[in-house]
Amino acid sequence: MADLSAFELEELARTYENASPTDILASALERHDSVAISFSGAEDVVLIDMAIKIRSDIRVFSLDTGRLHSETYRFFDKVRDHYRVDIEVQFPDSAAVEQMIVCKGFHSFYADDHKECCAIRKVGPLRRKLATLDAWITGQREDQNAGTRHGLPAIQYDAAFATPEHALFKYNPLTHWSSAKVWEYIRRHSVPYNPLHERGYISIGCEPCTRAVLPNQPERDGRWWWEESTLKECGLHALNVASR
Amino acid sequence: MADLSAFELEELARTYENASPTDILASALERHDSVAISFSGAEDVVLIDMAIKIRSDIRVFSLDTGRLHSETYRFFDKVRDHYRVDIEVQFPDSAAVEQMIVCKGFHSFYADDHKECCAIRKVGPLRRKLATLDAWITGQREDQNAGTRHGLPAIQYDAAFATPEHALFKYNPLTHWSSAKVWEYIRRHSVPYNPLHERGYISIGCEPCTRAVLPNQPERDGRWWWEESTLKECGLHALNVASR
Amino acid sequence: MADLSAFELEELARTYENASPTDILASALERHDSVAISFSGAEDVVLIDMAIKIRSDIRVFSLDTGRLHSETYRFFDKVRDHYRVDIEVQFPDSAAVEQMIVCKGFHSFYADDHKECCAIRKVGPLRRKLATLDAWITGQREDQNAGTRHGLPAIQYDAAFATPEHALFKYNPLTHWSSAKVWEYIRRHSVPYNPLHERGYISIGCEPCTRAVLPNQPERDGRWWWEESTLKECGLHALNVASR
Amino acid sequence: MADLSAFELEELARTYENASPTDILASALERHDSVAISFSGAEDVVLIDMAIKIRSDIRVFSLDTGRLHSETYRFFDKVRDHYRVDIEVQFPDSAAVEQMIVCKGFHSFYADDHKECCAIRKVGPLRRKLATLDAWITGQREDQNAGTRHGLPAIQYDAAFATPEHALFKYNPLTHWSSAKVWEYIRRHSVPYNPLHERGYISIGCEPCTRAVLPNQPERDGRWWWEESTLKECGLHALNVASR
């Protein structure tokens, strides 16, 4: 581990376990030279709102899978303009996409599962980006998925994307916040939000793999709903599944 | 009071205060000669599902205001076919509608408030229907509106629509159920639902006066949102407001 | 015939056969004491735009069937505000609607045909209105329906709605205009239009009985498409069918 | 020029000038070893329908810009399944997309113009594909754009994408067909079509740069409508503009 020893991480985790999202963010932004917020285009926009109030030179990256909703693309630009922050976009490798499509068409995930497509459109591009960072900050929360995100710590070592040569830390400042609390923040601070949230969408990913949920339906039911598993993660947060 | 004395009502209310919706429904259907379920086209469809399992000759009525969503009209017919039950529709008086529209256009409620329009399209037609009934059954729940529905009893005398000559009772079998419980019932029993619920709508009324709500937003924020009041009722349930 | 003899009508028809819509409108507005434009909420809005430039005290009426698109209701108010003209709305008789719905549901026209529903929601209310007028002005055009509107004159005696005691004339100022010409007028004069026209709709009626058409598809294919007949009229223009 | 001399081309063009689309297609498919239909996801699907009836081993390619409508992606798979033909998809270069987005956001074309984005998402990937072909077949028609497509020949040498080392021919079998004729073909032969055509769309490209048109509005008004030019081409058919 590079800029933080195992001992320091544990101590840090203890210190920040009950800290506010803003305090966790401030710590992350200060501690690492190369740290960026991972922004999905959903309600994790609150991370940007909180971070920009701490310092104006934050870095934000997003994965443009080539299959996002038009509303999400427009929302990215709205966030860009509102907070005056560039969004570092990762785009899939063209050869990998072309080969998958010519063989299987544009919706192979419904027949197979979402792993191959996520690997090409999300995990590969993410890995490229994370190789350039010391730490990343996500909007993951415990309440999003009882199966995979229960007990999710605010600070962790990212064993899924770190390599022997390259340490990587992962911050989840919102982990202990409920969805209700996030939305209360959005309303109170007039944070811009993705208009899909006005049409029943809670969790937002790629267009073909996301849908609105019914009232009181768990938000992860809006993702990869044709798959039975209770362990729905797209590979970005493989750490959650691996550690089970 | 006609077929139930004040004393009997009180005793009844005490008896059924903690009864299940099905028991309350069974009691209502058995006690009154002329009793009908008021069906709004939203998740109160569970009342029909519960009632039809008690007896097949239930009566259902709805208010067609002339301004419902096309999805709601289609849902009415879906329910009609699914449960093989006629829906007794009340339609507004043409002269009253014509006069309001020629004077104020089709959206006067945004400038004024919703009272005049609701009076013509909902309350008047409801009054006509209730004059023919001994009791009606609604899907009201305490959790829908902390302002107007807190403490809503399962059984009550309907002082708003009863007249000296005509007693009227009102049953709210779902009053102590949460939205989550209602939706769990819908899913478990494969109850058909209004497809607007797949687009972020929770409470459903007239098209111009209903909108989807954001995640974790109170459901009554989806109704008459341009009005400040915390006492949002359309006149159907004037009793709730009057008694405060 | 009241205020125009058969001879005068014939002469008038000959005079105006090749007149511009504006000249026909001017003639109609001047000749009759009680004359009104029938406005459907579609591109016949050009009649209002032309007429208001002739005189400001024009009368406009519309049939609110209780099943129009929300876009159409909003468009009615837009026209009302833009031209500062009240829209005299005719609304269906409540008893007739209630009886049809309780017996057959909200979509009987798909199983039967559209005649019964149109009779209740359109023809009856229209008849009530026409009984108060000497003449009405419609947006009908020959090019809308080769089957029923070919040869449609600019001025005609309305034998379908006139009675022995009450003469009635009907003006169709746009009869010889093509759809292209109407839309050229709309664009040139910045006439407000129903936003459904931005979603593939050409002819616009009730929501369940109207749909968008494909590129180059005849506009009447967007109405009552489940019925085979080439004689699609809703009864308002029964004259077109009767005279064949 | 490789497999066709200038003289032969001229003779061929003369021979096929008034030939049917099917005859032109048959000629193209037979004459070249490496020839493919360029399929945009719009009504040029008729080329595939015609070609597959000539021979089953046709090649089809499409440009997935990463910004197409979800309806178009689904339509690609529908065509793939219906005709049992793989679609060779070209995807943009990730580095080029990433650099444009981080600098200018996702909608720079509205502020600048569509040239830079089209160059990255369409022209580059097309050039890569055309370098592997002797000829390509497009759905261009004269009636699509009086400004740029008038006089478009059925067969032409593609000077825009050919190189001194690599000859390239371009076939436009539908050039003399009207939109009406294409749609008549679609209906008569039950050809699957993009559902966007049911919502007022005629010409279909990328989501942010395509919109529905009004009745009787020229179809190219649905593309890059914020740009004044009458010379709207995305670079795929630069030949049309260059030769003016």
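We call the chains A, B, C and D, going by the order they appear; numbering starts again at 1 in every chain.
Assume a contact is a pair of C-beta atoms (placed from the backbone, for glycine too) under 8 Å apart; a residue touches a chain by one contact, two chains touch by 3 or more.
The structure presented is a predicted model; accordingly, all values stated were derived computationally and were not measured.
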Problem - Each chain counted as touching chain A and chain B at once - result: none
Handout entry: Those chains which touch chain D and also touch chain A
Key = none
Handout entry: Copies chain B and chain C touch via same or different residues, half shared test
Key = same
Problem - CA centroid of chain A to CA centroid of chain C, Å - result: 55
Handout entry: Mean-CA-position distance for chain C and chain B (Å)
Key = 37
Completion exercise
Note: chain D sits from chain C at a C-alpha centroid distance in Å of 42
Handout entry: Residues of chain B whose C-beta touches two or more other chains
Key = none
Handout entry: chain A residues touching chain D - in the complex, by the definition given at the top
Key = 64, 66-67, 69-70, 73-74, 76-77, 80-81, 86-94, 97-98, 101-103, 105-107, 125, 207-208
Problem - Of all residues in chain B, those that touch chain A in their complex - result: 43, 179-180, 183-184, 186-187, 193, 197-202, 212, 214-217, 219
